[in-house]
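One chain, subunit A, links the two complexes that follow: it is found with subunit B in the first and with subunit C in the second.
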Partner chain A sequence: MKCKRCREKAIVQLRSHNTAFCKPCFVFFFQRSVERAIEREHMFEKHERILVAVSGGKDSLALWDALVDLGYDTEGLYLGLGIGAYSRASEAKARAFADRRGLRLTVVPLDETEDGLGIPTVAAATRRPPCSACGTFKRHHFDRAAFEGGFPVLATGHNLDDEAARLMGNVLHWQLPYLAKQRPVLTPTHPKFVRKVRPLFRTSELESATYAFLRGIEYVVEECPNSHGATQLVYKELLNKLEHQMPGSKLAFVTDFLSRGLPLFQSAPDGGLGECERCGMPAAGELCGYCRLVAEVGRRRTQAVAHS
Partner chain B sequence: MKCKRCREKAIVQLRSHNTAFCKPCFVFFFQRSVERAIEREHMFEKHERILVAVSGGKDSLALWDALVDLGYDTEGLYLGLGIGAYSRASEAKARAFADRRGLRLTVVPLDETEDGLGIPTVAAATRRPPCSACGTFKRHHFDRAAFEGGFPVLATGHNLDDEAARLMGNVLHWQLPYLAKQRPVLTPTHPKFVRKVRPLFRTSELESATYAFLRGIEYVVEECPNSHGATQLVYKELLNKLEHQMPGSKLAFVTDFLSRGLPLFQSAPDGGLGECERCGMPAAGELCGYCRLVAEVGRRRTQAVAHS
Partner chain C sequence: MQVRLEPQGKQLTIAGRRRVGDLLQSLGILAGTVMVIRGDELLTDDEFVADTDEIELRAVISGGAA
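Let's turn to the complex of A and B:
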């Protein structure tokens, strides 16, 4: 098999694109895909400061690496979720990545924030699935760090597989409000929100893993221990089976949605967001989702003490 | 496991409904489901004559059986597709079903219609997938038989699995015009069309197979030999995997679509249908889809002769 770009020996075949590349051409292809996504979707410009949320996994580190190489002005943000050895290993990978390249990384350990709550504590206290609490906590701290750091843009490493799985979940339940918001660029709906972008939304997990490997990026290979049995993984598995039988299905599902489906789901933009009485971040009610969850942990703990 | 209705020993468990039934209660449940679908979706009334399109398979024969038992005024229509032994076996089952119950069945063998074209001939001549030609031919002859027979309603045996697979295909490619028409009741958009209904749209394949078995209905068990590798089967397999992990997924996917998704896809109803110059049935252009396909067979044959 030959590289479709330079005719040298190919080392990676991309069935979804019906193509194959040698190492340098794949790196070029990957970075070019990221750059095209950024430009076509008007995600950000070279003069803007980008906060990249990194987890220590392949996607976010591949994204950060590509953005740096493409000449964007970036800083990293790592959120310590407090999930034992997994979180410690993830943090070490994120720190090593930044150190080796002389990049600036802010580490926010949830245990040491003023609320002092890691994900396992919240999940146990509220009896919610950890992924649900984790999503709320990440959103809050990402939003807050981007706003307080004066960044106009927050970039996350969500890849095509993530987007396709989320879209599948939203479509299987016809979650109209979520479908209306499933876009690679979310423009701020409140002065304390910043633009949120997903430059890897057209890039598969296979592609970011290959890129990370070829670029010598050391990342956490293990999945989060909480993700076992998560609904998203069920959808990912289904989509992988489909992709295997019909290469290109995931990309078509997501991109056709954006061009044809999304316009139907978009009604009036979010309006009427106030500010959370407790933390001051944007909120639809008196408290934002994060502070409601923190308050719930407090209530449950009080009840537990009262019943003991 | 006990029957949820009468507490006798259950013989069938329905995970999607989180229930189980003994034989008489399952038959009651199945017929009641069909009747509810008919009533809630305003499919037809007891005084109307219903033409039931039967293939000799479990779904359409289970539907016909249930409609007769529920007291509806029905006649059967069997279309001989000309697919060798499969079609001969299917016709025999349909005839035996009708004879045993003293029901009227019209048999239309495609080979003997004025165009004289069976599905294999059309597929071979046009190099189209057989399922595509088959769909066009079925629609045409069903529409025509219903109109010419003076039936106000045509009922087909499409089940929940069929509907969910079709919806999945349409969603994966965001086929907006098809999504707008994916309804269990299609009201006529032309005086020569009749109402088309799918009373089994909430009933799974497992349920219709169980019903057919318990009612002693003899049906063709083999799948159509052309269906091997058909896209619909890929989607069905995916949905079965999902249903296994999350029982009730298929029903929620289809019913949530109807209640929440469909209204967004429905634009203005189909208008401007004229009549086909060749067969007189409704057509968007000069020829209807069926006659375009028949003409294509003619052209291809002429070319083949010219090149030989």
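Let's turn to the complex of A and C:
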């Protein structure tokens, strides 16, 4: 198989784009794809400071690497979720990546924050799925770190497969408010929120994994132990079967939704957002979602003590 | 050949020279859902792997973030 760009031997075939690339041409293709997504969606400019949320996985580290190479001003943020050996290994990968490149990385270990709650503790206390608590905690700490650090933009490594799986879930259950917000750029609806962007929204998992491999990025290959049986993985497997039969389906699903479907689900403005009485971050009620969850953990613990 | 599946950490021994695409099909793996790694190189589906090769099939799907 030959590289479609330079006719040298190809090392990766991208059926969704009906193409194949050698190493240098693939790296060029990947970085150009990221840059085009940033420019076309008006995500950010070269003069803006970008906070990149990294997990130690392939997507966020590939994104950070590409942004640095493209000349963007970046800093990394790693949130230690307290998921045992998995979180320790992930943090080590994120730290090694930053150290090797001389990049600034802020590490926020949930166990050591003022609330002192890792994800397993919250999940066990509330008897909720860990992924649910994880999403709430990530949103809160990412928002807070970006605001307190004075960053105008927060970038995450969500890729095309993530977006397609999320879209499938939202469509299957007609989650109208979520459909209205499924877009690669979320503009802030409160002075304490920053712009949130997903520069890899058109980039497949195969592409980000290939880029990470070719760039010598060491990332955590293991799955999060809490993700076994996660709904998102079921959707991803279904979409991969569809993609195998009909290459390009995932990209068309997401991009056609953005161009033709999204306008039909106009988002109701987050009007009346106040500030959380406890943490001061934006909230629809007296407490933000994060503080409500922390309060629930406290209540459950008190109940458990009372019953014992 | 020795085939290691990651992240499962599963090790398989498969006899005979094969095309990568056929190897994946025989293992029930969809092309594009794994990287096929031999040493420090990536292989496309049309390439052949030898009986003496050591191959890693590394899944690219991710469902969690640490």
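Note that in this section the second predicted complex is superposed on the first by the 306 of 308 C-alpha atoms of A that agree within 3 Å, B and C clash if a C-alpha of one lies under 4 Å from a C-alpha of the other, contacts with A are read in each partner's own complex, and residues count from 1 in each chain.
In this section, contacts are C-beta pairs under 8 Å (C-beta built on N, C-alpha and C of every residue); 3 or more make two chains touch, one makes a residue touch a chain.
Bear in mind that the values here come from a model prediction, so they are computed numbers and not experimental data.
When the shared chain is aligned, no partner comes close enough to touch A:70: not subunit B, not subunit C. Residue contacts after overlaying the shared chain place A:241 against subunit B and subunit C alike. In the superposition on chain A, contact of A:96 is made with neither subunit B nor subunit C. In the superposition on chain A, A:287 contacts neither subunit B nor subunit C.
In the superposition on chain A, contact is made by A:257 with subunit B only, not with subunit C.
In the superposition on chain A, A:265 makes contact with subunit B only, not with subunit C. In the overlay built on the shared chain, the residue A:249 is in contact with subunit B alone; subunit C does not reach it.
Considering which of subunit B and subunit C touches more of subunit A, the answer is C. When both complexes are overlaid on chain A, the residue A:279 reaches neither subunit B nor subunit C. The contact surfaces that subunit B and subunit C form on subunit A in the two complexes overlap at residues 237, 241.
Within the complex, the subunit B residues that touch subunit A are 171-174, 176, 231, 234, 237-238, 241-242, 245-246, 249, 252-253, 256-257, 259-261, 264-265.
Taken together, the subunit C residues at the contact with subunit A in this complex read 6-7, 30-33, 35, 37, 41-47, 58-66. Listed in rising order, the residues of subunit A touching subunit C in the complex are 1, 10-13, 15, 20, 55-60, 80-81, 83, 86-87, 89-91, 131, 134, 138, 161, 204-206, 208-210, 213-214, 220-227, 230, 232-233, 236-237, 240-241, 243-244.
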